[in-house]
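Which chain is which? They are A, B and C, in the order written, and residues in each are numbered from 1.
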Amino acid sequence: MKRGRDSVAPLWGEIVKLRHKKVLTAYLFLSIPLLFFAFIRFYPMISAFYMSFTNWNIISPVRKFVGLSNYVGIFNDPVFMISLFNTLKYVLYGVPSVIVLSLALALLLNNVTKFQSFYRLIYVMPYITPIVATSWVWRWMYQKPPIGVINNFLSFLGLPARNFLMSTTEALPSIVATTVWGQIGYCVIIFLAGLQNIPKEYLEAARVDGANRRQLLFKITIPLLNPVIVFLSVTQTIMFLRIFTQVYNMTDQGLGGPLNSTLPLVLYIYQKAFKSFDMGTAAAATVVLFLMILAITVLQLKVLNRRVQY
Amino acid sequence: MGKRYAIPTAVRSLALFWNKDLFKEAKLDPEKPPRTLQELVEMAKKLTKYDRQGNIVQAGLATQPSGQGHHWIREVLVRQFGGAPYSQDYTKVTYHEVPEALKFYTDLITVHKVGYPGFMNNDITAFTSQAAAMNIDGSFRIAALKKAGINFGVAELPEHNGIRSNFASFWANGITKNCTGEKLDAAIKFLKFLASEEVMEIWLEKVGELPANPAVAQKYHNDPIYGPFLRGLEYAHATFFVDETAQRKVMMDAVDKVWLKGVSPEQAFREAAQEEQAILDKFWKSVGK
Amino acid sequence: MTRSDRMVKLVSYIVLSALAIVMIFPFFWMVLSSLKPFREIYRPYLFPKSPTLANFQKIMSASLFPRWFLNSLIVALSTTFSVMFFDSLVGYTIAKYSFPGRNIIFLFILSTLMIPTEMLIIPWYVMSSRLGWIDTYWGIMFPGMITAFGIFLMKQFMETIPDDLLDAARIDGVSEFGIFWRVALPLVKPALASLAILNFIGNWNAFLWPLIVVSKPGMYTLPVGLATFSSENLMHWELIMTGATVSTIPLIIVFLIFQKQIIRGIMLSGLKG
């Protein structure tokens, strides 16, 4: 095709038209999703912030601006403080347990060649089943004699029966155990993927250099798994901070008992909002939850993220 | 027009259910339920079985505050020990003046060891599976118990110091302010239907909801199963709950504090009264009283 | 293989098997309990002496379980299709188009991941009751129609598509949308499948929001229905276990069929994160 210099201008015009068309297309494609996020994620978040400064109780049409009094209120509410400490307990008991157990399992699984997918299947099953179902099954298993399977097993071993969900000290760890049981599968799979990503050469080289099994594990494997450990640490922490379904289904009347010993922050929020209809207080508590998640996540990323030098 | 109408259509009260077969097993007369709180405790002790390690495997009396237990404490035990749970208009909590009521209940758990909250997961499960010999429950349980094929008897709640009391609650159907004209006529017709004898009989038979219609109630006055509930209505009190979930929790917590944490009934009841008073105050303030 | 290697392998097998038993035991017990008649449910032995399917019959015919199952299916399928479409469209757009504000928009979308849903449920509830979304399928579905996580995932995969392919199609006169639909999308099928499966599972199991937005028992999703059913039937543990079994079976079947995609999806979410 012959084009002279004077036809560069129309060609340039076509290029510009095409670029415009692409930009417009991009905006067009993004329009609905962006509206969605603005309307479904951002606007409600701002709404929640605003609500936390009012004393609205959803039935009455009166909504008065009350400044920080909701926040003062919840920090003066012993039940709120208990739920705060409980939530931290869930994290402190649950996250290390999940990570250590899954890592151990993944390491063991990495060793065995036969049946690996069979074991993987079994470990993942608790993760994909509805939490409501597994919570009720565990609730039943935790019963005292004569019907609790776990206690019957304990007495078979000659050990005394435990109160589990009925004890103010054992209930929270019991729920943590159920939650950890449900999460292990997910973490094992991710750890396995991470382990299989480690080039065999590193391990071979170290072994040739005379490193024993333990050194291999702690000096090479685990440091190289750091990104995975960080990822799981952060995501599991966030999950435990938001725990709700297990507690709702494993405690008497879903109240987070006995005596608020298992009450997490989200259940407190749910009760305040949808049982007591105290929207302002509930919204304030959700803001606290949000800030907690933000702060703890940032802290974790700072502390745990280290560049590993080979 | 502009007025609201409501009438109670179904009523419920509490009674003592007992398992006649378990009574026979424990060498107690299956036709003689306990009539006083004293007899209640004695018979419950005889009816309780333990395993080798001391765990209850059969409860003499199911104790579940989250079931009807908290009603029993509030409107029955408190009055039987000489007090009243609330002021007449239900705005002030007064049950803390009678800690003996709470103590009687928690002694069942800690001293006489005839049951504990959460046994068999809850009282209904315990009684239906014949792991509890007695239970204080509402009339709405009758149909389910019949279906489970249990040989049970019903008695009026045990008395104490010559005082009888009961807790009653009711379903009310109402016509709203905005209902007028044809709709109003239809609504009235429906209400009349609900209150009619035939509906009351069906309700009674299918579920166990006591009839609010006095004519029907009279018919069953001496019935072995419905009779005790209906007779109990004569001296029953209905609690004005502003937030039943929260108020129930207050009582559950009070019992838990005593049997799980060893707090004294006096202190537990006092703290419960404070918590409940706060709930009541908040409510009455919000409606402008 | 050295002797110590063999020892380690043996120990591994033992530990893995022991733990597999712990992992699977609750399911085992749940299914066995659902086969027990009422009079056997409170007996301490594991295997039913007179196994029966009556509980399943009762749940399927005399309760709302089938309805709840249908509700969950409708909600999970709808959101999954929506996610598959919109998340990949947005991922594609961000990966393959350059336009002012591209990075800001991407950050904006990612930042929504930091907002916990617990903070949004109250405003969502208020919004839903004002707009009449309570007790409707839309009310249950809307929060999950487009996900930031899926957008992130699809963007990563769309980036691996060579631009030349897209330009070639453009020269051939294919519309912009056609390029997305007929050229790009088929090339990321594995990632799309994994996203779909994970999304389906997550949606099926959702609890908190469906619990709040639905008040009519006929509109409950399966998890909410199971929770309500269990609380109301505290004297019928054999039915509760049956309900739990019924809630679990569909997902186990989905899992067995789509194992590969599920596991790959989980790995993708972990490694790309």
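The working rule: a contact is a pair of C-beta atoms (placed from the backbone, for glycine too) under 8 Å apart; a residue touches a chain by one contact, two chains touch by 3 or more.
Not measured: the values here are computed from a predicted model.
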Top-ranked pair of chains - ranking by C-beta pairs in contact: A-C
Identity of the chain that, by mean CA position, is farthest from chain A: B
Whole-Å gap separating chain A and chain B, where each centre is the average of the chain's CA atoms: 41
CA centroid of chain B to CA centroid of chain C, Å: 42
Chain A and chain C: spacing of chain centres that average the CA atoms, whole Å: 15
Residues of chain B whose C-beta touches two or more other chains: 120-122, 131
Residues of chain A touching at least two other chains: 140, 146-147
Where chain C touches two or more other chains at once, by residue number: 42, 237
Chain B contact footprint on chain A (complex, rising order): 57, 60, 139-140, 143-147, 155, 160-161, 165-168, 252-253, 255, 257-260, 275-276
Contact footprint of chain A on chain C as seen in their complex: 4, 8-9, 12-13, 15-16, 19-20, 22-24, 26-27, 29-30, 33, 42, 44, 86, 89-90, 92-93, 97-100, 102, 105, 108-109, 112, 114-116, 118-127, 142-143, 145-146, 148, 151, 176-177, 180, 201, 204-205, 207-208, 212, 222-224, 226-227, 230-231, 237, 240-241, 243-245, 247-248, 251-252, 255, 259, 262-263, 266-267, 269-271, 273
Of all residues in chain B, those that touch chain C in their complex: 120-122, 124-125, 128-129, 131, 144, 148
Touch list for chain A against partner chain C, complex: 21-23, 25-27, 29-30, 32-34, 36-37, 40-45, 47-48, 51, 58, 105, 108-109, 111-112, 117, 119-126, 128-134, 136-138, 140-141, 146-147, 149, 152, 181, 184-186, 189-190, 192-194, 197, 213, 228, 231-232, 235, 238, 242, 244-245, 248-249, 254, 266, 269-270, 273-274, 279, 282-283, 286-287, 289-290, 293-294, 297
Footprint of chain A on chain B - complex, ascending: 51, 53, 55, 57, 66, 116-122, 131, 243, 245-246, 248-249, 252-253, 256-257, 260-261, 286
